[in-house]
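Shared chain: chain A. Partners: chain B in the first complex, chain C in the second.
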Partner chain A sequence: MSIWEKAKTLDRRIIFLFMFLGVGLPLLAKIGLPVSVTDDVRNVYNYIEKLEPGDIVLVSYDHDTGTLPEMIPMSDAILRHLFKKDIRVVGMALRAEGNGIGRQNIRRTSAEFDKTEGTDYVFLGFRPEITAAILGLGTSFEKVFPKDDRGIPVGELPLMNEVSNYNDVKLVISVTDDDTPVYWVNYANARFKVKVVAGLTAVMATTFFPFIDSGQMVGMVAGLKGAAEYEKLIKTPGRAARGMDAQSIAHLVMIGFIIIGNVAFIMRRRGK
Partner chain B sequence: MNSGLICVSLFTADGAGIWIASILTLAIYSFLYKDNPIYRFSESLLIGISVGFLLVTTFDTTLLPKAFEPVGKGLSVMFGIGGFGSIISFIWLLIPVALGLLMFARFVPKYAWMSRVALALYIGFGAGASIPANMQSYILRQIDATIRPFLHIDSFWSLINAIVILAGLISTLFYFFFSKEQKGAFGKITRLGTFYLMIFFGATFGYTVMARISLLIGRLTFLLKDWLGLIS
Partner chain C sequence: MRRTFPILVCFSFGMTMLVQFFVPSKLSTDAYNEITNWVQIIYAFALIVGVVGLLKYHFSRVSRRERGWFYNLVTVASLIVMSLLGFIGGRGDGGSFMWVFNNMMAPMQATVFSLLAFFVASAAYRGFLARNLEAFLLLFSAVMIMFGIASVGNAIPPFSDIANWILINPSMTARRGIFIGVGLGTIAVSLRVILGVERTYLGKE
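On to the complex of A and B.
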């Protein structure tokens, strides 16, 4: 059997092993490959950079636990930027699992900046039925979320006394692994003119380029790469920056296997 | 957090959680070698916990504050203070709750038709809210974004960019026009459309690969950093 015939019957577990090494080794031995910043991420950074201390930003955790490795680095980076600039954050979730994720994420990040719950940030909890929730917030935050996730009436939270609807919010950031930003664009941006940013899994990125081109979204932070770019902009390298070394090497491993596979295919055809 | 060994201590609340998560991660990855009962147990556990979490969260954050508590409060006002106003308020409150309950009629074949009342309202609301919104964001604003660059040409490359986008829009739309056979001049335009589609599929696939590897990076970072303590 020729080497090309062997390549045809290569055990897929060997490919898994190479992929595992391609990801694992760069994590252990930090390489520090450069990360270039794209316009879509820079636009998000610039928009937040222009906000004034005390402005209010709504962050919606619209994703499940399955995509945490992509979503948490970007949520961390964006929240660190917001808290560093003393921008106040209203957190919420449109997915049930996002409720627990958002609560943990916002409290952990705010603790790094000594922020006080109720004054500097709040977490309102989860609401199902995306359309009704987003439209409802345009009328009254209190009607959609009468209490925060601890059960405290929003009327007793100093921050929420300054938020009645989207008019009081400078930006909506939807951190999501599906098409939820389309709902934010359709019902919050188109109808109430609030600016929208999406933090997305890389899978969803191509869906949202037209929304950025048409000015319906300020920008987007897509996948681990987007998170690494944001970490670079705020000069706080974290998990995403470290992960990009592994990402690049894993891509090289994959390209290598694609080339081997195609060469093997051509050589076998020539041999027939 | 370290117990003196490399691994995180098993005998703390955080440590026990990390150990359980690590073992379950390895159990799921064991599928890459071959299907096995440990993998299937872990998969079933994940599904069960996800569904249980969704039910509890929905009950706690939606059914309780939006249905049970207001109905209980309404009943106590109606029977406590009384008056015509409180009865009207209670009935007004009962309408959405009753519509929600009608959805459960689907479980009883004889009364399944009753759920259509609630579904009809739900679909009516959904269509009414989404059709104009989608028209705006998917069609009008996209046409605007395709034409507008031609009004702001400030360099040779901005002109090329505008032409590339317009050509992509027209040729791709032509590709999905199935009432005419794709040959001759029309066929050449649709062929251009397929090139644009291929570029889109390629970009999407590339992003998908990146996303999947990111998930692997996330789990390996967890194992190497939080569990084994090999990454500082």
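On to the complex of A and C.
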């Protein structure tokens, strides 16, 4: 059996081992591979940078726990930027699991900046049925969320007294691992003209290029790469920068295997 | 009547929501707000129906000891335990509900998701072969995007430029075509449902 024939039946555990090393070693030994900032991420950063202290931004956690390692560095970076600029944050979730994720994420990040719940930020909780929830917020936040996540009536929260509907919100950020930003664009942006940004898993990014190109979305932060770019922009290296080393090496390992697989395939065909 | 009434309800609400969008007035806005509230309430009840359906399905498999019944039992047990933890101990930070969420559910889901990298690498090695021109183009695009956008190649202009060109031109063109098709299809199906032509959502006779 030639080496090319052997390559065809390569034990997949060898591939798994290389993948494991490709992901694991960069996490142990920091490499610091370069990260260049794309326009989509820079647009998000620039838009937030132009907001005034005291402005209000709505952050919706529309993802589940499976994608946490990719989403949390992104949420952390964006929230740090918002809190650093004294922008107030209204958090909510359109996925049941997003409720626990969002509440902990906002509380943890806000604590770094000594922010007070109810005044500087609130977390409203989870609402099912995406379309009705997004449309409802356009009329009244209080009707969709009569109480915050702790069960306190929103009328008793100083921040929520300044938020009636989308007119009082400068930006909506949907952190998601699916196509929820399409709903935000279709119902919140198209109908109520509120600006929309998406924080996405990398695999979802191509879906949203047409929306950015048409101006329906300000920009997007896609995947660990987007999060690393944002960390670079706010000059606060975090988990994304470290994770990008692992992701880049893993991609190189995968590309290497694809090339080997194709070389072996071509050589086998020539041999026949 | 069992079929006529739902069709009439669907027609009335469908037409109301359609007309109110194009006729802004206090009456139409009030109707819109009211219906939006109703949708949320109906959805909450639909969740209850969903949970009951889920329990019925899994219990029946467990009681018949069908193949893999143990996993059905795990599903039911997980649902009950998490519900009890939430109802009794609350969902607040530091409670047992959030402990299970943070220390069991999140790591398990993330683990399953991260296993994809290993299986994708193995599948790509065996299946991602340039067997013909179309396969080569797909392969070339995938490698360029992987290298030029999502990894270190992004800092190397020729690769990042090629990857960006692929994303901004062929990829976005195809996406736009799909979106337009989906949009037209949604309008067509919506009209069929509102006008009572499409009745499959009512179930069998």
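Brief remarks on what is shown
We adopt the following convention: the second predicted complex is superposed on the first by the 272 of 272 C-alpha atoms of A that agree within 3 Å, B and C clash if a C-alpha of one lies under 4 Å from a C-alpha of the other, contacts with A are read in each partner's own complex, and residues count from 1 in each chain.
As a working rule, a residue touches a chain if its C-beta (ideal position, glycine included) is under 8 Å from a C-beta of that chain, and two chains touch if they have at least 3 such contacts.
None of the values given here were measured: they were computed from a predicted structure.
By the touch criterion defined above, A:225 reaches both chain B and chain C. Once chain A of one complex is fitted onto chain A of the other, the partner contacts of A:68 extend to both chain B and chain C.
In the superposition on chain A, contact of A:262 is made with chain C only, not with chain B. Shared-chain residue A:91: touches no atom of chain B or chain C. Contact with chain C, but none with chain B, is seen for A:104 once the two complexes are overlaid on the shared chain. After overlaying the two complexes on the shared chain, residue contacts for A:139 are found with chain C alone; chain B is out of touch.
Using the contact criterion defined above for the overlaid structures, shared-chain residue A:35 touches chain C, although it does not reach chain B. Shared-chain residue A:206: touches chain B and chain C both. Look at A:238: by the touch rule set out above, it reaches neither chain B nor chain C. Shared interface residues of chain A, touching chain B in one complex and chain C in the other, are 16, 19-20, 23, 64-69, 97, 99-100, 127-128, 131-132, 135, 202, 206, 210, 213, 223, 225, 247, 250-251, 254. Residues 13, 16, 19-20, 23-24, 27-28, 64-70, 96-97, 99-100, 125-128, 131-132, 135, 146-147, 149, 182, 185-187, 190-191, 201-203, 205-206, 210-211, 213-216, 222-225, 239, 242-243, 246-247, 250-251, 254 of chain A are the ones that touch chain B when the two sit in their complex.
Only residues 32-33, 36-37, 39-40, 43-44, 47, 91-93, 98, 101-102, 105-106, 109-110, 112-114, 117-118, 120-122, 124-126, 128-131, 139, 143, 146-147, 149-152, 154-155, 160, 167-168, 171-172, 175-176, 179 of chain C touch chain A when the two sit together in their complex. Chain B makes touch with chain A in their complex at residues 32-33, 50, 53-54, 57-58, 61-62, 65, 125-126, 129-130, 133-134, 136-137, 141-142, 144-145, 165, 200, 203-204, 207-211, 213-221, 224, 230-231. Those residues of chain A that touch chain C in the complex are listed here as 10, 12, 15-16, 18-20, 23, 33-36, 38, 64-69, 97, 99-100, 103-104, 107, 127-129, 131-133, 135-136, 139-140, 143-144, 150, 202, 206-207, 209-210, 213, 223, 225, 247-248, 250-255, 257-258, 260-262, 265-266.
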